[in-house]
Amino acid sequence: MQALIEIDRLNLFYGTFHALKNVSMNIPEKAITAFIGPSGCGKSTLLRSLNRMNDMIPGTSIEGEIRISGADIYGKDIDVETLRKKVGMVFQQPNPFPKSIYDNVAYGPRLHGITSRQKLDEIVEASLRGAALWHEVKDHLKRSALSLSGGQQQRLCIARALAVEPDVLLMDEATSALDPISTLKIEELAQELKNKYTIVMVTHNMHQAARVSNQTVFFLNGEVVEYAETEKLFSNPEDQRTEDYISGRFG
Amino acid sequence: MQALIEIDRLNLFYGTFHALKNVSMNIPEKAITAFIGPSGCGKSTLLRSLNRMNDMIPGTSIEGEIRISGADIYGKDIDVETLRKKVGMVFQQPNPFPKSIYDNVAYGPRLHGITSRQKLDEIVEASLRGAALWHEVKDHLKRSALSLSGGQQQRLCIARALAVEPDVLLMDEATSALDPISTLKIEELAQELKNKYTIVMVTHNMHQAARVSNQTVFFLNGEVVEYAETEKLFSNPEDQRTEDYISGRFG
Amino acid sequence: MNRVKNRIFTIAVWTIASCVILFVFGLLFLILQRGLPSLTWDFIFGLPSEIEEGGGIGPALFNSFYMLIISMAIAIPLGMAAGIYLAEFAPDNKWIGFVRICVEGLASVPSIIFGLFGIALFVEMFQLGLTIIGGAVSLAFLNLPVITRVTEEAIRAVPGELRNASFALGATHLQTIRRVLIPSAVNGIVTGICLAAGRAFGESAVIILTAGVTTSGVMWDFNLLSPGETLAVHLWYVQSEAIVPDAQEISQKAAAVLLFLVLAINVVFRIPLWVRERRFR
Amino acid sequence: MIESTSNPAIAVKGELGRSIRTGSGRRTDRKNRLRFYNRAFRIACIASAVFVCLILLSILFFMFRTGVLTFQTVSPAKFFFSTDWSPENESYGAFVFIFGTVALTVLTLLFSVPISVFVAVFLAEVAPLWLRNLLRPILDLLVGIPSVVYGFLGMTILIPLLRQAAGTDLADGILAASIVLSIMVLPTISRISDDAISAVPKKFRDASYALGATRFQTTFRVVLPSARSGILYGVILGMARAVGETMAVVMVIGNTPQLADAFLKPTSVLTSNIVMQIPNVPFDSTWNYALYMMGFLLLAISLLMIVVIRVVQRRGAKR
Amino acid sequence: AGAASSLSGKIVINGSSALLPLTLQAANEFKKLNPKVKISASAAGSVTGPQSVRKGIADIGACDWDASMDVPGFKKFDGQVANRVAVIPFAAVVNKNVKVDSLTNKQLADIFSGKITNWKDVGGADADIVVVNRAFGSGTRVNFQLKALNGVDFMTKGSNYKEVKSSGDMKTAVDTTPNAIGYLDLVYVSGSIKALKINDVAPTEANVINGTYKVWGYGYYMTKGQPTGATKAFIDYVQSAKFQNGSLKKLKFIPLSAMK
C-alpha cells in the first residue's frame, strides 16, 4: 500500500485557537484509516481539512502541507471543486437534500455536467448498488429521500458521494446517529468499499475502529499521539495515553 | 425493592400504528432500569408515556394503565404538570435553554412558584452538585449555558431536572450524543443518583445497560420480549431473540 | 395557581385570536359583499366612463397586471440577489450591518416619497412623462426591501448541513445556491413575493404621481410609455374625484375585484408549493 | 456497474494529483465557465445589495438637498421645536408633526404588537393545523387591501363609532389613525412572528414541558424569548410600514397642525402633512423646502428607531 | 375628423383634481378623433398645474383660478397663458342633520374663520359647528374663499376643525359627520348632503347663469405661451361648442358660452 495522502507538519487555527498541532502522517491508498480520540481533539477538523471544507469556516488559518498523490491541495493551482469531487465526504447526521432519491444521487453528476438521462440512470443505479441500498429503493426512486429511515438516509448519502467517482471517502462519525443494525450495514459497506476507495473515518467508538479499520490514529488535544496498524495499536499501544484511552480509563 | 411504577397491559397507538403492544411490567424504586432494543421498537414511546409527554403528539391514543405509587397517571384527577415535576426527563440531545446556567437550573423551581433568591441559590447549588457539575461552573453561573461543552450541557440538563425534586428520572439515550469521557461521567452520576431516585434509561448501547443498570427490559416491535435482572439477562437470557440481540447477531 | 393562569392564557389566546379572525373575516366579507354581487364581465373588461353609469375597469385592471409583472420582474431578481448576498456572501461586519439597516430603512420610506423620487427620476430627469415604466420601476423600488429581507431570512433558515453536503460534492457556490438553497427556501421567498405582490396591487400614491390617473383608453396596450392608471388608482379616483353617479358602486366593485385578485395571486403562487409539500412528506 | 463507470487511469500514480489541479483534464472549458458564472453571480449579488443601498442613499440625498434649503430662512431650533406651523405667516415649526409621528407610531405599536404576537402564538402554538393553513394566507391577504379602502372604511365606520363612544363632535386623530394602522400592520407583524415562533426548536418546548411547565409558562418563558429576534424584525417592518403609510392616515387623522395632546383631537403627522401639502405648494418656496426636510426627518426617525431596536436586540442577545 | 386624425404628439396634463373628470372625458373623446395623440393626465392640486408647466413636465396645467395673475397665497406665473375651459359653481354644504338652509356671506365667513362656533348663532339647533376644510392650494378653496367668504382667512386649528384631501373625502366627511359644514364643487353635490343657499339664493345652474349666485369661477388650462400643435387642438376641442354643450354639460359644469 502506498501513501495517497501525505500530511506534513500541519497546523490549523480557528482564529487564535490552535486546533491541530504539527500533525504529520501518511494515509495509505485503498485502506480504512480511523481517527479516534476524545471529543474536541481535532478529528473532524483534520478530516475537513482534507477536502478543504474548512475553507467555509471564517477565521480558519492553516500552515504546513497536505499532498494528495503529490499535489499540494492548499496550493494556488488547485481547483477546489474538483478536489471535493475527488475527496467525497459523509457527515455525522444523514443530510439528504429534500429531493427525490434519484435526484439526490444524480445531484453530483449533474453538477459536473452530466445531463444524458441514460448515463445518469446508470450512475444512480451503480452508486445505490455501491452503497448497498439499491434493492431497498429501486422501486421508488421518485420518492422523497426524507421518507427513508435514518440508516437508509445515511447509505443514500454514501451513494450520493460515490456518484461523483471520488477516490477518497471521508466519513465523520457516519454511524453515530444510527441504530446498531444500520451501523452494522454501514460498517460492512465500508469494508467492501475499501477495495476501491481510500477511506478515512472518524469514530467515537473504539470497537468500531478496531472492527473496521486497517490503520488507526489516536488524537489528543490536536496532536497525533499514536499512529499504527489497528491491530498493533489496540493490542500493544506504545504510548501510555493511548493505552489509558483504549482501556476506557478515560474518554 | 418495591415497584414504584406499575405498567398494566399498556397499548399505545400513533393514529393506527400500534407502537406498544400489551406491555406490562413493574419498575422498582431506587434502582436503574434500562430499556434496550433495536431502533423503532418503542423504547422512547414507553418512556415518554411515563410522564405523559406523549400527550403532545396529536393522534396518540392509549389503553391500559400506568400507576405511579398507586395513582393511575392517565386518570381524570391527575395534574399533568405535577406529574411531570415528579417524573423528570433528560433527552437524547442536550437541550439547555438559551439562558444563563443559573437560569436554566432555576427555571423549574421558578415555574413552581419559588421566588426567594436565597432559596433559588440553594437549589441551584444543590442540583449542580447533584449533577456533578458544580465545580466546573460555580464561578460563572451567569454565563450562557450554550457555551458549555456537550457533556457539560447534558449534565446541566440533569441538574435542571433534579432542581424540581423529582422522584423518577427518565433518560432517553442521554449519552448517545456524547463523547466517551462525558458518557463515563454521566454513567457514574447515574450510579450515584439511583440512591435517591428511581431511574429509567433508554440506551442503544448494550454495554452501557450491562454496566449501569439493575434491571433490563428488552423490547422488540413494541413488545416486551424479556425483563430480568441485568446480570441474568446478559449472562443467561431466556428468549432466543434476546440472546441473538445481545450477542450482536442483529441490532 | 399555575393551572388558573394557564387556563386564563388559553382563553385569552383563543378569544383574541377569534376576535381578530372574526374581524378579518368581517372585513373581507364587508368588502366582498358590497362589490361581488353586482359584478359583471362588462364591468371587469369594460372601458371606464366619466359621465354615464356603468363604466368598467378594463384598462386599469390590465395595467394593474402589467405593472405588477414589470415591477416584479425588476424587484424579484434584484431583491433576491441582494438577499442572497446578505445571507450567503456577506462577511459579518459593519458594512453589512449598514446594508441591513439601509434595507430596513428603505422599507419605511413612505410611498409618497417614492412617488416624488419617481417624478424626479422619470419625469424630470429622463423626461418620460407619466408612464407605465416609471410607475413600475418606482413600485419595484418600494417592494425591493421586503423581498430582500424575506429572501435573506429564508436562505439563512436552510440548514447548514444541506449547504455542506452540496459543497462536499464539489458544487460551486452558485450551483449550491441555485440547486439547494433556493429550492429549500422557496416557501419563505414565496411568502415575501405574495406580500410584495399584494402591496404592489394595492398601492396608489406612487402610481398617481409617476404613472398618472389615465389609461391610454384601449384595452390591451403594451406600450411601456403609455400612462398607467391601475385598479387601485382608479379606486382612489372614483372614491375621491369622479363625478359619475355610480362612483360609490364602482369603488366597491373595484375593491372587491382587487381583493379577489390578491387572493388569486396568493393561491396561484402557492399551488406549486402545496403540490411539492404533498410529495415530500 | 461501478467498474464500467470508474476510471481505470486513477491507478496511475499522480493522476489524481494532476486532476485536481486547474488546467488539467478535458473539462477545462466547462470548469472555466462555471467559475466565470460563479464570479459573475457573486458580483451581481453584490451589485444588487449596493443598488438597494444606493436607492435609499439617493432618496436621502434627494430629500436632504431640497430640505436643507429650509434653513436659509428658518432656524433649525425653530423648525424642530416650534409648534407653530402656519406657512402663510412664514412660520415653520415642525414639532407638532414630529411629535405626532412618534406618538402615532408608539400608539400603533402598543396596539398591534401585543395583538399580533397573540395571533402569532395562536397560529404557531395553539391553533389546529387546518385552521393554521387557512389563516396564514388570509392574513397575507390583508396586506393587499389598498390603503384607500382602509382609509374609507376608517372614515365611514370607525370614526362614527368612536364619535358615538366618546360623545365628541369629531373623532379624527391619532387614536383613529393608530387603530387603522394597527389593522394594516397586523399581518406583517403576526406573520413574521409566527414564522419566528414556529422556528423555535421543539427541544426547548420539550424541556420545558418535561419540567412541569404549563403552556402559558412555556410560551412566555421559553418560546417568546427564543423567538425574540424574529419578532423584533417583524416589529421593525411593521413599524416601518406604520411610519411610512400615507393614504389611509390622511383620511382619518384630521390634518390640523395642532399638538396631539388628546386621542380624539384632529392633528397631523409628518406623512399626512407632506401628502396634504406637497402637491400644492410653490416649488421654490421655503414651504416646499420645509416639507422635503420633513420627509428627510421621517426617514431619519425611522432609521434611528431601527438602529435603536437593533442595538437593544444585540444587547439582549449577548446576555 | 378626417383632417385632424393625422395630428400626432403627446400631451401631459397635471393640476386641479376638480377638473380631472372633465379632462379625462375630453381626452377620451379627443383620442378617438386623433388616435396618434397620446394624452396622460394626473392630478394633485390646482397649483401643481402651472408649476408643472413651468418646470416643463406638463403641457397643460389645470387650475381653478387664473394663475397668470396673483391670488391670495399664490404669485402669478409669468409667461403662462390661461385658457378658460369651464364654469364651475361652488356650494357650501352641510350634513343633513343641520336645520339651517341659508347663510349670508358674513355668516359663512364667521363660521369658516372660527368666529361662530354654534349652529344656534345662525338659527339652527344648539350644537357645535364642525368645520371641514380643503387643504391649502386647492382651487376649490381659493375660489370659495374669494367668492363666498369675502376673502377672510380660514381658521387653522381647533378641536372641531379638520382638513381633507379631495372633493370625495369632503363629501364623505360632511356626509358622515353630524353638524358638519364644508364646501364642494356643485357637481359633487348629490345624495344625502345638503347644499346651502347663500344670501337666500340657491346654488343652481340657472342662478349662476342669471347672475344671482356669485360663488363660481372659471376652470383654466394653463399653457406656456400660446398653445400649439396637439395641445392647441386639445384645448380647442374642449372649448368647442360640441364638447361644451355636450359632455361638459352632462358633467354638470356650465358651458363658457352661458356666461357671456
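Note that the chains take the letters A, B, C, D and E in the order they are written out, and that residue 1 is the start of every chain.
The criterion applied here is as follows: contacts are C-beta pairs under 8 Å (C-beta built on N, C-alpha and C of every residue); 3 or more make two chains touch, one makes a residue touch a chain.
These numbers come from a predicted model, not from an experiment.
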item	value
Intersection of the contact lists for subunit C and subunit D	A, B, E
Which two chains share the largest set of C-beta contact pairs	C-D
Most distant chain from subunit B, judged by the mean position of its C-alpha atoms	E
Distance between chain centroids, defined by C-alpha means - subunit B, subunit D (Å)	45
Subunit A-subunit B separation of Cα centroids, rounded to whole Å	33
Computed distance of Cα centres, subunit C from subunit A, in Å	47
Subunit B and subunit E: spacing of chain centres that average the CA atoms, whole Å	81
Subunit E, residues touching no fewer than two other chains	44, 55, 165, 169
Junction residues of subunit B, two or more chains touched	81, 111-112
Contacts with two or more other chains, residues of subunit C listed in rising order	2-3, 172, 175, 239-240
Touch relationships between chains, expressed as pairs	A-B, A-C, A-D, B-C, B-D, C-D, C-E, D-E
Residues of subunit D that touch subunit A when the two form their complex	1-2, 4-7, 10, 13-23, 25, 27, 30-31, 34
Subunit A contact footprint on subunit C (complex, rising order)	91-92, 159, 161-162, 164-172, 175, 179-180, 183-184, 279-281
Interface residues, subunit A side, partner subunit C - complex	51, 53, 56, 58, 81-86, 88-89, 91, 93, 95-99, 107-108, 110-112, 144, 146-147, 157, 160-161, 164
Subunit E residues within the subunit D interface of the complex	44-48, 51, 54-55, 73-75, 127-128, 130, 135-138, 153, 156-165, 169, 172-173, 176-179
List of subunit A residues in touch with subunit B within their complex	38-40, 149-151, 176, 178-182, 204, 206, 248, 250-251
